[in-house]
Amino acid sequence: MSTGRMEAFSDGVIAILITVMVLELPTPHGTTWSALHDALPVLLTYVLSFVYLGIYWNNHHHMLQATARVNGLILWANMHLLFWLSLIPFTTAWMGENNFAAVPAAAYGIVLLAAALAYFALQTTIIRDQGPGSLLAEAVGRDRKGKLSPFVYVLGIALSFVDARLAVAVYTGAALMWLIPDRRLERTIAAHAEASD
Amino acid sequence: MSTGRMEAFSDGVIAILITVMVLELPTPHGTTWSALHDALPVLLTYVLSFVYLGIYWNNHHHMLQATARVNGLILWANMHLLFWLSLIPFTTAWMGENNFAAVPAAAYGIVLLAAALAYFALQTTIIRDQGPGSLLAEAVGRDRKGKLSPFVYVLGIALSFVDARLAVAVYTGAALMWLIPDRRLERTIAAHAEASD
Amino acid sequence: MSTGRMEAFSDGVIAILITVMVLELPTPHGTTWSALHDALPVLLTYVLSFVYLGIYWNNHHHMLQATARVNGLILWANMHLLFWLSLIPFTTAWMGENNFAAVPAAAYGIVLLAAALAYFALQTTIIRDQGPGSLLAEAVGRDRKGKLSPFVYVLGIALSFVDARLAVAVYTGAALMWLIPDRRLERTIAAHAEASD
Amino acid sequence: MSTGRMEAFSDGVIAILITVMVLELPTPHGTTWSALHDALPVLLTYVLSFVYLGIYWNNHHHMLQATARVNGLILWANMHLLFWLSLIPFTTAWMGENNFAAVPAAAYGIVLLAAALAYFALQTTIIRDQGPGSLLAEAVGRDRKGKLSPFVYVLGIALSFVDARLAVAVYTGAALMWLIPDRRLERTIAAHAEASD
């Protein structure tokens, strides 16, 4: 079974998630700049979630480029990842509408944590299927970012109960860590493409 | 007419359904864990519906892999299936927001039943068009799960009026039955692919 | 310019329209069958709109199969059709929530009329570009249904002010007229495909 | 890395944005023409935003046709454009629901301005990657419209505080400027396609 339709389905779900969040943005009450200012926590949370979904789309894109085929187990590991990503608009709305209160900020981190673990599980499932000498296994390497992220989210969840702004700062830091381009996967795929020419 | 565009359209509709349900999740009232706890029936119903739509996407994917061409009748049988699937967010919201009350739980089962019958009708329409010796006819075989499911849903609908939690347990059981991978279709397609090499 | 991306974009928009309507379905108030009964006008309007969008997707699919290339004007004629189709969820909600009142029923018909004219304009734009001897020109033929439909919608709009249920009956009749398969386009394409073998 | 999946993802997001706006259209209160008349500012704003998103889709389509490959930076420049486009439904709802009040009209223009700058940045990033002799660099040429637009939006933003209807008139004018087909890009691509035959 080729990766085509799973890729298209995942793209569809992530594209929808990234855009339906905007439906949750409540129209500001009033027509002043201060009405827009009141909507700022919601808007900032939206930006953070937009970036996270963008990172997941990007990484998912790269991972599937290094994947040759899928089976039933991979399809469900992918569905499991999409499930946790689909909860991001829910926690985004809850955290944004409550000015970064403690429990919503922790819930936001728990969904990020679960999505990170689901991504790791999907990656492991694919590598197990394709073998340790596969392109993906080589490209992923020691996967330092992937192994570090869960601990960062756990830190953020704990900090929610000290000051939720600290938690949001930690989540933002983790997003920035992912935004710094990780050339390894791109280079390995490029090297492989040249070698096979 | 090839299956490409019907496949893409169905993927689009199912991807949208699976994600718009999250828009129906009401933001919890308050910022405590107990506020999240109150949202639990809605969240659990969401999980169940997510799994059902995932199963339909998966089975639809496999069915169309064994389908060579489509005609007008098949297009409409597919549209009919999508119609019933599109009502799942509606019954999900109704059942979730009412703590599994009797009538909403029965309505949830009725939509599942109608979707199952629509899937069966689509499968029959395709087999009739492609002939009894076709790949799909062979792969489907005696289709025990497909024939058993409607009776399970009828049982769930009846149990709604005894205790709606029993109905939800039955629907969950039916979903688990489908999650256990059915290797036959996958194997038949793989065998066929090898034979034609 | 090939038709691929315009086809994909149109499929996306129609798939989204057909599914977002379900978000407009208000969750029934209460947990009884009579609560569901009160939601009946909304549900029936949803069914009618679902069928109309299904018909448009189907016809659009066939039309583009007989289209070789697109230009800027065709892209905008297509966008114009999508605009009117995008108003269907709006008039669906208005008519459904008001028990088929006169003005909403007329507005529903006006959007159907505008969509029909936009479809006709798109078809004419494509035929003008591809020439009178083109496959599409031949397949469309005298286009009796396409020319009849606008008059049927005008009749429905007028009848809205007599009794809106008559208007809905007329709209339903027009949908049924389109559901009866029109083998001509399918046959012409098939004949052409055989001839070119 | 080919442009395929980035194209599909962008199409998906724009298709969803253009259609979710219709969900923001509030159902008119009452069943009279005057109820529809009250919804007119919202409907007109919807039309304007629909046209803008249509223009972006169209231009994006043409730009990627002249793009051979993408890299990580281009993916993020594209994501940045999609972010600003995703705020259009938000400012559309705010401006529409407040009868073109000053601050919402300015906010509408600010999002248009940011989207125009993001489009310009994406175009520059692609040209830098493909080289000054590339097809896109040649097709874009001096890009008068692209360089003029930001100043038009700034003018609109300023006029919001004089009379918001002037601002809306300026935004409408800018949209019309883009609707007038710009044959250069289309011609350059066509010429190039012929030359390579």
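So that you can tell them apart, the chains are marked A, B, C and D in the order they are listed, and the count of residues begins at 1 in each.
We take it that contacts are C-beta pairs under 8 Å (C-beta built on N, C-alpha and C of every residue); 3 or more make two chains touch, one makes a residue touch a chain.
Keep in mind it's a predicted model, so treat the numbers as computed, not measured.
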Partner chains shared by subunit A and subunit D (touch criterion as defined above): none
Same or different residue numbers at the subunit A/subunit B copy interface, by half rule: different
Chain whose average C-alpha position is farthest from subunit A's own: C
Separation of subunit B from subunit D, taking each centre as the mean of its C-alpha atoms, in whole Å: 37
Distance between the centres, which are taken as Cα means, of subunit D and subunit C, whole angstrom: 26
Residue list for subunit C, restricted to those that touch at least two other chains: 8, 12, 16, 20, 23
Chains that touch, pairwise: A-B, A-D, B-C, C-D
Contact footprint of subunit C on subunit D as seen in their complex: 7-8, 11-12, 14-16, 18-20, 22-23, 25, 27-28, 31-33, 35-36, 47, 50, 54, 57-58, 61, 65, 179, 181, 183, 186
Footprint of subunit C on subunit B - complex, ascending: 1, 5, 8-9, 12-13, 16-17, 20, 23-24, 71-73, 75-76, 79, 82-83, 86-87, 89-90, 93-94, 97-98, 101-104, 107
